[in-house]
């Protein structure tokens, strides 16, 4: 941590800070310039955070120089992690395709979507039983009935399930069905939910808040990790910007940035970021090429009847090209499609 | 709702839409131009929302032309509302000052802050017992012990309490102490929480999500209203932009925009938007002058010891000017300070 | 300037930086911590900027701690400045109203708008002869014919003229008519234009780029100041954000922030930021209350016929309230309306 | 164009609009609903733009439904275009690498950078002689001396030159040296400059404004096209968002969006968007995979001595991987590296 003093700061102001830091068990190095004095702090940053140094007399600015997260940081865990979801790897050696319907609507629709997913090379099935919707008048999901449908389809297809949970109260119920719990963009700073999924004993997919900085996203992951769960997969799904041609702006740069800061795997959701079917395949290719550890994609057998996000779902006619992308692009990245490793029975 | 067809759309495509809309009980008016056909839909928009018209053959764009919220809309409730919190009005005739510490830390600190609030003309006491913090290592609030401190200080000062709730599970507990429940910016789309506070029988202050459009903010209010609670006060607290000189960018324009769209009162939080003590008084004046129905401000007897957001709290030396602003500006807006109407014993 | 080394940086890496800084005539103070070393640089920051320290071996981050502008900075010029435009003051003691049509269309329209401006308490007349328009098919202004109209209306009404220049090549021509040159938001980083107006010998109003940070805005002012012209008035006119209910988001916080960083006056444009007539008066009040040194407002005698930005122009029916705002709000800020000091003949 | 009337609009209000549209030579189709009336306009949108329909009595909203650009639109030119720069193609069949130093500093540095570019598979040489810099104290480029260096290096290496022009006044001079003129992000709405490059008879690379919507970007291209020059290549280079981990946020989605709206080629600048050397290769792969028609990349023989943007330049050690990317990725997109078609002597 570095403290920059104002030009008017006195020697007493500087001494007061040095003393305070010493009290907190740290060391303070003072650099006196012609116009300004800088104080470098060395020690436990968590400790310094409670000192409220920014309010001290003569302080112009307090700059943090180390990362505020620990458990998810790559500094203390240089090797990149692989998370396994019912045996399916998500990590640096593979590209994992997760696909399925945005929302579970009927057994038939879910089963058809799961078969589409498998045909395209998916190793995991996505599908929402609890849907956080901007409007209270929109379809909110089937709830537990949806979870049962997913379990039946898993039985039928062999694909493990990734599904969203929107309320701390429902975590145990959802975890009793799911292979991986998803926390959505609107709940990225719902700390009670993060703590609950951290304690649930299942892998977690944490979507980036649409207004979250990369640092805030990693801090949210830290909430989960603190409860003893490091099986976390980060998912970039677009951030909110001024551009309205796409629903959100997919931040592909976030993938290499996060991979340098954290050991956790990071995947991309090309369906929700663009919000348009014609963008899904280009963004999927872009995701793999930038180094994402996987992608999560909406497919629907009859998108014109979808109760949620139909306009962005891939349809039958897109699957061949998706399968080609999943086959041809990972090798250029020195990776295997996860489906090649964990063939579904 | 208006549907714009692509230049290539056929007569059959248009007819298919007209038929579908008729099935849903609506009327479709077709305007055929040289290059494009436009279809105007008349009827129940909620119904049309489920039709997934955007996925129909030949459709270029679907444009909504009416507001998606109803209960909080001014269209169906032209008179602006006044919400009463334990008798204290927040509405079009008054300017209400809510003040207090960001977080409840000790009985002594809370009592001193409440006295500062009263001296500055506050009618309501703010103070957080549950704090949603970006970092899991930061002070998370005293929980129920904090609520008890607030209740004691209410007893002592006569100021009703506004306090945040961060988890649907805690709503009943917090409501048993609070006079008004606050939903914070990070929970603005935590729909389970919105529904729970909607059912709790207490007035609610709903902060704008830092990335929420005005329309999304009103949709979040609609979630609360749907549970039968229209005692909602909206609070603008800054949105996230590229500017880093302030913590967030206070969107004062949102006040007149919201007052035109909704009958609900809207107040401003000048403390959290700027994140800097030197901005609080200018932004408070600006808030009253733009027409806000109130302001909510952090004060702290010893900000250098604050466990949360110390750098933005007003201190003793600021109170006189705050009192002057609360006295001189409301009359120019044809309003009274709320404190003039509901003198605290 | 502070250099943060990576945890892996060697003693040689640190020494190389100390030596390089010494070569550039500066001093480097080294603070060695357990995990990281920090180097504080003291000396001429402009010099260090050319050293490309960020590319040196072992450097994790380079943090600037002083402002990169000098001439417009308040550090070297603590007293806030007053700029005079043909005798009319814009500065800390007054609130100056600049009003007029967005674009000069006809002599009659311009004269009527000027009379509206005067009736509302304006001391300066705005009006565009050169209009930068997003579309090449939109009205681009009358050019020199428009300047002649403005000069005639100045003759008739006594109001000095503020008008925009969009091309370095036109600066001398525009300066031969105008009392103050305006640089618009789209040209906020058109450095050739900034240098040309800096050399023209007339006061300049510099609008903030709609995507400019406050620091970048002040750097643009520094370009003007470098050519020997410190008669610069800054104008906040809204920044681009995700919110679409208003054309741009007016950043009122920028006013006190800028007034602390720079000695230059700063005014607000409530017309272009909101883009809606119903927001102009609320934002004008908000601007004065936050401490702006003036406001610039569009008025039009017949906005339904306006060739540019008609929907945001104030009309006859609004003038009485504008005049009241200009009379009642400045005294609460300890200021006078500029019109009270410089009565137009 | 669709006009949405307010619920209170009268039959007279509607008739007034129908009459006005007829006067302008258009047709108006009226759809009367229970709550609202919608009017669809058919005819020449440019004509309607001057009617100021938004200011008419009873109008709630005016929605444009066709694109405001024509010459660059794909609607009127369905085939995607290939632009040739001194024979080098940029278009749908190839992936073109443009590389070179950010700024021309010395003959030696420029020649070495050009050789690096060629080794990596570049067909065109980039290099700036005029640099638009945020700070007036930063290196502003060598001017015409820099252009002469570029011409000498072209002579030596056979690589045609792409270089920036920042001032309408300099266009003829720069065009006398350059093979392609570049308009930078800060000048994306410098309309005088756009018109000047449109008239210069050389291909133009138009960078997206860092705050420009895709529509505004295409409108800027329309300014160039209007002067008779359709040899325009669009360049996405990152937009400004709240994220600070990267200099700007590269908007890869813009590539397929633009390719659907416009026939012009679109390339990506992975160097300036991220501002970090470690992001350049991942973003280059991502750019090719999303379908970009080319990439433009900074290389520097000695980035630690660079006068501009050293931290983002690729160095010798990166060239092999860049060459591999340029060789392996285009075939997966059904394209050839441009260098394979136009081998440099």
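Miscellaneous remarks
Letters A, B, C and D mark the chains as written, and numbering starts fresh at 1 in each.
Convention: contacts are C-beta pairs under 8 Å (C-beta built on N, C-alpha and C of every residue); 3 or more make two chains touch, one makes a residue touch a chain.
Not measured: the values here are computed from a predicted model.
Of all chains in the assembly, those touching chain A and also chain C are B, D. Two chain pairs, A-D and B-D, are weighed by contacting C-beta pairs, with A-D ahead. Relative to chain B, the most remote chain by averaged C-alpha coordinates is D. Chain geometry summary: the mean Cα position of chain C and that of chain D are 27 Å apart. In this assembly, the C-alpha centroid of chain A lies 31 Å from the C-alpha centroid of chain D. Remark: chain B and chain D have CA centroids separated by 40 Å (rounded to whole angstrom). Contact of a single residue of chain A with at least two other chains is seen at positions 211, 240-242, 244. In the complex of the two chains, the chain B residues touching chain C come out as 211, 213-215, 239, 241-246, 249-257, 260, 273-274, 278-279, 282-283, 285-291, 328-329, 332. Taken in their complex, chain B has these residues touching chain A: 46, 49-50, 52, 54-56, 68-69, 132-139, 166-169, 186-187, 189-192, 209-211, 216, 219, 222-223, 226, 240, 303-307, 310-311. On the side of chain A, the complex with chain C involves touching residues 2, 4, 7, 27, 29, 31-36, 38, 40, 42-43, 60-61, 63, 65-66, 75, 240-242, 244.
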